[in-house]
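A, B, C and D are the chain letters, set down in written order, and residue numbers restart from 1 in every chain.
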């Protein structure tokens, strides 16, 4: 039975907390959040106690911490938890600065650390990976990843986000590495503010695309937008020597209407918490399972670092109009 | 807060029990099952107590009972629970004899009773119904319902089941009434034992189809089979004056492989507990909600009776080779 | 080189005439039609001459006749052409009376005769048949055929049509026999006038469904409607011991729009001449090929008769409200 | 009636020749090809005469020439035909050198010239364009174009082809301009030889991707491969402010098999002559129609030049590893 402390009971913390509580192999013991109401709701739903971050990180009752606090606290909390001998699950990104991530990883050594790239655990994308490894497409040659959010976040969020490449496309960089199985050495990127001029005025982009190549010549295309009128668009294509594997969107229902205007299906699931509900559940169960068995876990801190490095490179490429070698 | 007693902790009882326990508006208080292990597993998962049927039906602590016992006990338990002033949720079918159902409904008067035709609460079929009522297809003219189980049950089960029309197609008869919104007055049916000759030797069929008409001329086609190699096939088409609404199957993932053999998607979800997990959840929540508000609930006992009458008619039609008027 | 005479240059005659002219193994020599303009248009497009029916049937220049005249002339023309030693391609139905068809077949003996059930030659349905024979679904158990026309014909046409079962569903009866590979021995049918009351007033139905069984227990469901707002709906499902084969509709384009209202594809092809253009072409080429090789051809006169017998049975069943044994 | 001369009766010439012959508004008068058999086959199918290039270009009997000769002859033939007062339809690419194209366009002035970017006339892609112009997706923001050939051409062909970007992706550059409606000012490209090392040894790539941006910030992604095991893959997505329009592949049939392995559709159409048969037909009819009316036609020589400039830029970008401004 793994005993958990949860740091941060916001939107994601509520999900991880409930998934821990529902696991027969884990127990949610303590929750910390400066907003009493958030902590209280989760505590009452999970029978956990409310505590302080310091208390949780230092507690003998706690085997593992789940870090869902604001990004700028992640690195320090990872370091403190590791120093206290805790296993760590930390939400992405580890930090907006790759140098800071590097320093943290150096400090914590081989403490168990898993980064919350939840999409690896989505049943559709996990099936893609499983079937690539099973040889369904032969050698991977070209991967195309598309991510579009239903609507942009507030500009106030964007201003502190590190920019689209670090905040949003970070998931796609991790997915690219996950599916291709090699590191990328060349990054080219473009970005535009087409959805909302205020995003451009804040120094960011809302529509962007990236082109990357590995040393062996494998190619990855990524595109992101902060807007999709038809729902949360999350699709991947993997082209290989033997064929194509793709993961399509998940529709809200399977109902189809045929009438004089054509043949119409439902919009795709609109919200990431709905689309990735099972991914979050599988992710935490995997962490619990690996920790219980003392086995290494992925995505690792290094995976978090590598995604950050690609995000930095894309930011530079789009800003300076040049290919960036990693 | 509705306080529940659960009678029967088998496969379906386990689901209903957990769904009650997860509802903030309900509490699972007592569970009865002659198999101690089944009752125990559910009790430990839900913090409910284990009791006896008599105790539960008579208990002041219980507002509503959920009846998941074998079919031949349903009618009597409904009557006893109603006499004790309990609200009742009873699994389908109410009884294999329509006369018995009629007698039970007469005895219980207007006691709150809901029958477990879970498919009405499947998000896809519920959306069909909602959109029919919203006018998407105009006047309904012809409905086609297809149900195929992945594999036949044991012949020992079939022998006591009342036959395919009463055991399996009962869901489709209810769905037909639900979607068409009128009662059927003519029933024609055929059945064959094509999947397993032992089913035929037991006096039943495993492949069957029904043709029904309402007084106003609306038509319904149903087909059922005890086997589908590709998963649990559950599809509906509703043709109306303005168009066609259909509900397709739910695939296991959205992953598609294109290679030299063609373009291949995953099999559809294979098991009714997976396919209808959300339907069971919505069904109990609806019962709890209606009961809390003191509002009438559907599918009612009369819906259970009408489905039984159609199943009887189809059985007669297939056996005697003639149209049966209802 | 097969030399053809074409009797009747209406809508279908224009198509067959052009397909003959385009074949390198055939030559369209003579055309007859009482409407000079129809004959003239086809003659100028194909470099054929215009003649009279008597002349064509008796001509030494003609090896084969294609009969596209009104239904009530088919049987007599078949008999005359056979007597003159011509091979015959005749549009469906052979006659509205099965007795008349029987008499004609008896008179012509083994003269080469093919009936124009064009749907057997549609690439999609031909692929279904080919794959059934290749064992893709194992033993066929249940076939579901759906045919819906975009809009009803004029009531004046319906009055002389022989009724929906003989005029429209005749194609589906032939398709059922083609795919199942056995003759049906039981027919149950219902029909309603839901699309247009004038059709009901004319003694016909516009919405109908049929349920049939073979001696070995294989089941077929057919449904037809004289209206489909979304285009010409032509779909088939074949369920067998190993799986399901289905043929879906053909969309006008492959373009899909995803927006706030959902995910919308084009309507399906709307007109039978568009949907079945390739079927008509393949049909005539098959006739030419078989005739050139002196090989027997299908659908035969007997196929035409059997479809007519099923149409009669369905008409009786729907009218009298009883199962009809064939 | 437009009188045509056809220069080059190879694979594409055979198609254009037959499409001209089938048009009621055009007549194929003369054909030239150094291979007597190719010219002969087309002449006998179309009732055209065989001649020499010089004769055709200078003939008073000819209003328009269709140039389907090898690429390195296009520019000169365009110039000679324009000088002789003929209207010109020329296969793509105009020339492998953009400078040569520029010079040719300068020399011919406003002689009627249309370039054979056939994909603009594919019913699916034409519908995309039509619906973009109709406002279905609002302002275009990001376009993704994918082209994959079933199998690579011989290396001997590749050596003289100008490279993948000029030979194969030229279609996609034109399509990008066609759909986005603006010129691109930045081009970034990568390419690898993953399909066949011999292609790499010949100095070319077989797998490539491009990222482009217009001055207003619109983005286009293109990917190409010389291999697709599942058929000729030709898909486009257009993301705009109001939604997404996409054109999917065309399957060989609409037949689907569901069995224990999943749900399988046919491979997509495998050969460009099959996939684009209607595009070639519409293309020539458009040329004939425009010429008959004396109206300007697109894709123009300038469209041919602009696609060539983008292909040059992509070649440079992939070779030198840098963003190229156009």
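We take it that a contact is a pair of C-beta atoms (placed from the backbone, for glycine too) under 8 Å apart; a residue touches a chain by one contact, two chains touch by 3 or more.
All values reported here derive from a predicted model rather than from experimental measurement.
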item	value
Chain located farthest away, centre of chain B as origin (C-alpha)	D
Selected interface, B-C versus C-D, where C-beta contact pairs are more numerous	B-C
Between chain A and chain C, centroid-to-centroid distance (C-alpha), Å	57
Chain centre separation (chain B, chain C; CA means) in Å	41
Multi-partner residues of chain A (each touching 2 or more other chains)	229-230, 233, 242-244, 258-260, 266
Residues on chain C engaged by chain D in the complex (per definition of touch)	123-124, 127-128, 131, 136-137, 242-250, 252-260, 266
List of chain A residues in touch with chain D within their complex	139, 141-142, 144, 146, 148, 186, 188-190, 192-195, 207-211, 213, 217-219, 221, 223, 225, 227-230, 233, 239, 241-244, 321-323
Chain D contact footprint on chain B (complex, rising order)	229-231, 233, 251, 258-268
